[in-house]
Amino acid sequence: MAEPVLSVRGLSKSFGALKATDDVTLTLKRGEIHALIGPNGAGKSTLIRQITGEIRQDSGEIRLGEAEISALSTQARARRGLARSFQVSSLAPEFTVLENVMLAVAGASGRRLGLIRPATGDGALTTPARRHIARAGLEGRENARAADLSHGERRSLEIAMALALEPVAFLLDEPMAGMGPEGSERLTALLSGLRAQAPILLVEHDMDAVFALADRISVLVYGALIATGTVEEIRADAEVRRAYLGEEG
Amino acid sequence: MALLELEAVTAFYGASQALFGVGLTVGEGECLALLGRNGMGKTTTIRAITRMLPHRGGRIVFDGHDLGRLPSHRAAQLGIGLVPEGRRCFPNLTVEENLTAAARPGPWDRAAVARLFPRLEERRRQRAASLSGGEQQMLAIGRALMTNPRLLILDEATEGLAPVVRQEIWVAIRKLKSDSGFAILVVDKSLKELRAVADRFSVLEKGESVWTGAGDSLTGDLVERYLGV
Amino acid sequence: MSLILLIEQVLNGLQLGVMLFLMAAGLTLVFGVMGLINLAHGSLYMVGAFACAAVAAATGSFWLGLAASLAAAAGAGALVEITVIRRLYRRDHLDQVLATFALILIFSESVRWLFGSFPLYLDTPPLLAGAVTLPGGIEYPLYRLAIIVAGLVVATGLFLLIGRTRLGVRIRAGESDREMIAALGVDIDRLYTAVFALGAALAGFAGAMVGAIQSVQVGMGEPVLILAFVVIVIGGVGSIKGALIGAILVGVTDTLGRFLLPIAFGAVMEPSAATAIGASLASMLIYILMALVLVFRPTGLFGAGA
Amino acid sequence: MSRETALNAALLLGLLGVALVAMAAAEPFIVTLATKVAILALAGVGLNIALGLGGMVSFGHAAFFGLGGYATGVLASHALNYEPLMETPILIEGTTQMLVIWPVAMALSGVAALAIGALSLRTSGIFFIMITLAFAQMIYYFAISWPAYGGEDGLSIYVRSEFPGLDTLDPIQFFAICFALLCLALLFSAMLARSRFGLALSGARQNEARLRAVGIGPYGVRLIAFVISGMITGLAGALFADLNRFVSPSMLDWHTSGQIIVFVILGGVGRLCGPVAGAGLYILLEHNLGGLTEFWQAPFGLLLLLVVLFAPGGIIGLLARGRRHG
Amino acid sequence: AEQVKVGMITTLSGGGAGLGIDVRDGFLLALKQAGASDVEMIIEDDQRKPDVAVQLSDKMIQSDKVDIMTGIIWSNLAMAVAPGAVKQGKFYLSPNAGPSALAGKGCDKNYFNVAWQNDNLHEAAGAYANSAGYEKSFILAPNYPAGKDALTGYKRFFEGDYAGEVYTKLGQTDYAAEIAQIRASGADSVFFFLPGGMGIAFMKQYAQSGVDIPLIGPAFSFDQGILQAVGDAALGVKNTSQWSKDIDNETNKAFVASFQEEYGRLPSLYASQGFDTANLMLSALKVAQPSDADAFRAALETADFASTRGDFKFGPNHHPIQDIYVREVIKEGDVFTNKIVGVALEDHGDAYAAECKM
């Protein structure tokens, strides 16, 4: 099988006595959506934050393609093609929707940040930005300030910014949260097509979406992976049903 | 008489109008679900009820008090408890302190909240900022319960919770309603679960109440029309 | 340099530290806990000192003056909170800076208009006059011991109030999200007026206590303001313990720096240059200390993690 | 043209107009005041890049203002008494040429800003405010007690530095130099705000985590902005020394930092011409209230207070509405 | 006579306003008594900021076209203003500050100091310490030029040894560490120069500390305005001054009485200096106009006026040659004040006159 796009091996992180990630090994392959599920506080977001470099792991390694990236800063990892969405929307509140996405385009472009040449009205930024905004379903809201958006709209903007990075791999932390039924449906369709562009590590509690999208599912409990498998396998796993799914499976 | 009654409420953010006429009632011990697509005004309605955003036109009456001129804390003291959108736990306070900050006398105290969310008890001394998303959500609910409200408002209260926990919360909400006689106003995206707990539904579109009715009269095509699915 | 002198200087440093804490206590409350940048803290300190001096002069009793200082500063604080500060919580910190800067001008000139441009007389009460002899033969002014006691009492009181009471929890909650704490049924406006008045009263108290051994004059609050910020920032915003330890650290560093640096330089150069250079370095010392602390611990010694 | 742009143009033209009318009316002092406004506004434009665009509330910009001033003072004093500044390893002589002094002042304050910024930017919020203050205070106390250039007494220059082709002692010509530099700095600052760099800087102010997540490191962006900011303020300091023909540690005092901040806030944080409006109003009030009463600072404070309370966003915010630039 | 415009730049707001107000009030009192209707005063507040002072002087010279300037309290402000003003042909009469630079190499024919050269009172303190038989002094001043000048001045005259020499931080308010050093130093006298609030704080703390080594200081910390704030702590302290309220001459008696009547308070050192400055100016105006600079200068140089200090004349560098007294702080009724107990230096000039080439 082809080389995984992203691989994590033996990753561990403790906060005091709490093992937030406990020797986690997982891979993200080309073209797949790999869902990561698990109870609240299992360590899913912490895992993503280690992959992006917001916190340093205590041990273990992270590879993007061939390269070991754990020594890089968050921004360097982003420039190499790791895009993430935040579980709690994290935007530039005073910027408009368009400016937020332009910022992402500018960051991803890898070009030096000019001091003089205007960015506003620069087609190289605005054209892709508008395209990503439309894909995330925020068409018509380009000029609204991020601070004035409703909760669901902010969630959509998170997606648009991740798209704008045109990354090698997506790390999406609960992208469905806050989306209404209609938004969830649209996002499901979007993500389904997106995997062809770049694989997605999807943290999500919305099981309808997970079961509809995931090629593989990993289950994290108390920081440790207890199972990895196809949708059917995970649905059928008694331990997962008890610890996480409840009657839903 | 209804516990909470909104009549033709309008509200603005600065110069831009967000509510164009919202009307709804929540009876004593009743559960009303507020529906609508993203950005239609659900949260704004809730902000008007909790006095975080003064409304401009119409009337909001809670338990016979016109909320029109009351500040936020008075509305809360009258018995409106809020689980806000986005959790809004106090980040620098520990779990325990978040709960004490809200405490008012009544059946809901730290012990009762601990029974509902054992996870919170485990993380008692941790600052809210470093809790996981789901843990924060539990804390926000626990904190609202600590005010021992008569009307509990839940704005996307199950967002980010694991399915088992979510189910437990719905069970708990149903229990709150039947045992403690709480009135409940709830916004959530899961229609399936709402149908099991809500007595009535009210739909917002572009800041206006467009439909109200019981759960069984919310047919598939209405859902299609108002929620887009 | 004898050992006894060194010990005495360490003691002086500790004493200065506690005194600095007393001067910073009100600010710790208002800035550290409520999150409001109040440049007018020094003005409230001045109000306390002037009130104490005026009443003590009129009645002949320092203690009545002290009571007056609490009342005057708390009153001024409450007035300022209700008319000005209250509108600023939701605003940018910078608006608070400008508004409280304006308050400094208003306070200073009003006090000068009321009391004239000359320093006022305020002396320690006879009860606390004179010096006591400590073990080891160190003579120590009684009044300074009283200041230490007052500082420690205030520290303990604040620590209990902020850390241990529900009121303290609510104040801190209000700092991060006023709207939310109000939606939970807390009358945050009134609570904050009360806390601000308390902070002002502490500033006034310090002004009276410390004014009695310094000079009571217009502008006396300015150095205090900077020092108080230095102390709080070194200790870590929001921590009473941090403020106390920060204050002691500043006090000891400053005192020993003033004392030892000229001696140290004297070992390597001719005396008159050494005193001058040593003194120059000593006057920079607390700022060097603050910069060092912040470079290595960007949120202060006891600040919450970044 | 937006309302704010129109207002900015009106402000600058107003300042220019005041100077020209005053010259025509043979009121050189008014020209001097207008020059002071231009210079202080220039310092504010510098600070505004750090504070308004980058959200870095520096309480230590007096350091750069003062260093710029001392660059002028020291170079000029050496030029006047013909003592070289340094003989070994290389000979450096004093000078009174503005075209030499300005780059020196900007380089000096730029290097200081690089050092101070590199350390200070590890912190944020109030800690940043205080650590920048700390560095400025160190320089201040050093200047007070260092006898070589006058210590607290300061350093008189007696003449004004020279600019090729102009008589800098003529108030209006000196004004023209300062005004032109102010306009250049404003132009630069406007372009900076609109550039990709400006976008990133503003992003760093609003949300650091987000900026990192899109691949931009906030530290470098901030540091560059801080250095640019310090250099512009340093240039203003050099002009200020020339205006007064005198430098002293009071330029390094924390009051000076505070005053520059006040200009910026008063005019409107992050507004392009905020510092011009702020400095203008400040100087206007300072010089007119003084005549009314010995206690003029009290009504002055009251006016400031009214502006904060009822004109959030400063004067420009009040008059132009709309959002801040960037 | 012709109208004469006098520009006064002095500190009228903020912390140091008391000094400026006294200079101004003393000056105005002299004008009023002389009925000098031909003198037009322009008074501005420098806020104790050098740059403000410079701009005010520009204004007075450029717009108001004053003939004579005066008023500045602080040395650093004087250094910022006076050299420029005299270079532009104005007369500057200093009612308070006397930095050494302006007495020596930087002296100017149009610059007159009517108060003292900065070192004078410190020199007198040194001389007094000799005569009082002290042999080992502990000396203390803030770490800035005036502080260094003070210690230099004291050392110039004091013949004994030094038990310690300390520079404190400018604006320091707590002196416990210094007092401990003094106690341990074995000194028999303490000389300190701590102007304003610093001196008040020092003396109060010194009194409380139980240390009883005698203090000596220049008049600044024992002036009428400040003394009430120090209270008992200052009683008995010896200080040096070129003026005192009890100097026995007609001018002074009249001055003290009329000042008290006019303003309802006792005059200070600064008030006397303002008063003398105005009288010096008035005396010269009787002879010549500032527009005739040489004549006016010559008239100033004769110093033909009745000074509150008694004998007064100018040295070659236009700085005073005068007696400097030793005073002791006493209590008269409720009021703390000074009484003269001796003369420290007679007809004392300054150390820089030789360097002055006009």
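Letters A, B, C, D and E name the chains as they come in the text, with residue numbers starting at 1 for each one.
Just so we're on the same page, a contact is a pair of C-beta atoms (placed from the backbone, for glycine too) under 8 Å apart; a residue touches a chain by one contact, two chains touch by 3 or more.
Only a predicted model underlies this, so the values are computations on that prediction, with no experimental measurement involved.
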Shortest contact path, subunit B to subunit D, counted in steps: 2
Both-way neighbours, i.e. chains that touch subunit E and touch subunit B: C
Chain whose average C-alpha position is farthest from subunit C's own: A
Subunit A-subunit D separation of Cα centroids, rounded to whole Å: 44
Distance from the mean Cα position of subunit E to that of subunit C, given in whole angstrom: 34
Subunit E: positions in contact with at least two other chains: 13-14, 17, 21, 143, 148, 167, 169-170
Junction residues of subunit B, two or more chains touched: none
Contacts with two or more other chains, residues of subunit D listed in rising order: 141, 144-145, 295-297
Pairs of chains, among all present, that meet the touch criterion: A-B, A-D, B-C, C-D, C-E, D-E
Residues of subunit B that touch subunit A when the two form their complex: 13, 16, 36-40, 43, 85-87, 119, 123, 130-135, 137-138, 156, 159-167, 189, 191, 223, 227-229
Residues of subunit C defined as touching subunit B within the complex: 166, 169-170, 172-173, 175-177, 179-189, 238, 304
Contact set on subunit A toward subunit D in their complex: 52, 54, 73-76, 78-79, 83-84, 86, 90-95, 99, 102-104, 106-108, 110-111, 113-120, 122, 125, 145, 161, 164-165
Subunit E residues touching subunit D - in the complex, by the definition given at the top: 12-14, 17, 21, 44-45, 49-51, 54-55, 58-59, 62-63, 75-76, 79-80, 83-84, 87, 99, 101, 143-146, 148, 167, 169-170
In the complex with subunit B, residue positions of subunit A that touch it: 15, 37-42, 44-46, 87-88, 148-153, 156, 174, 177-185, 205, 207, 243-248
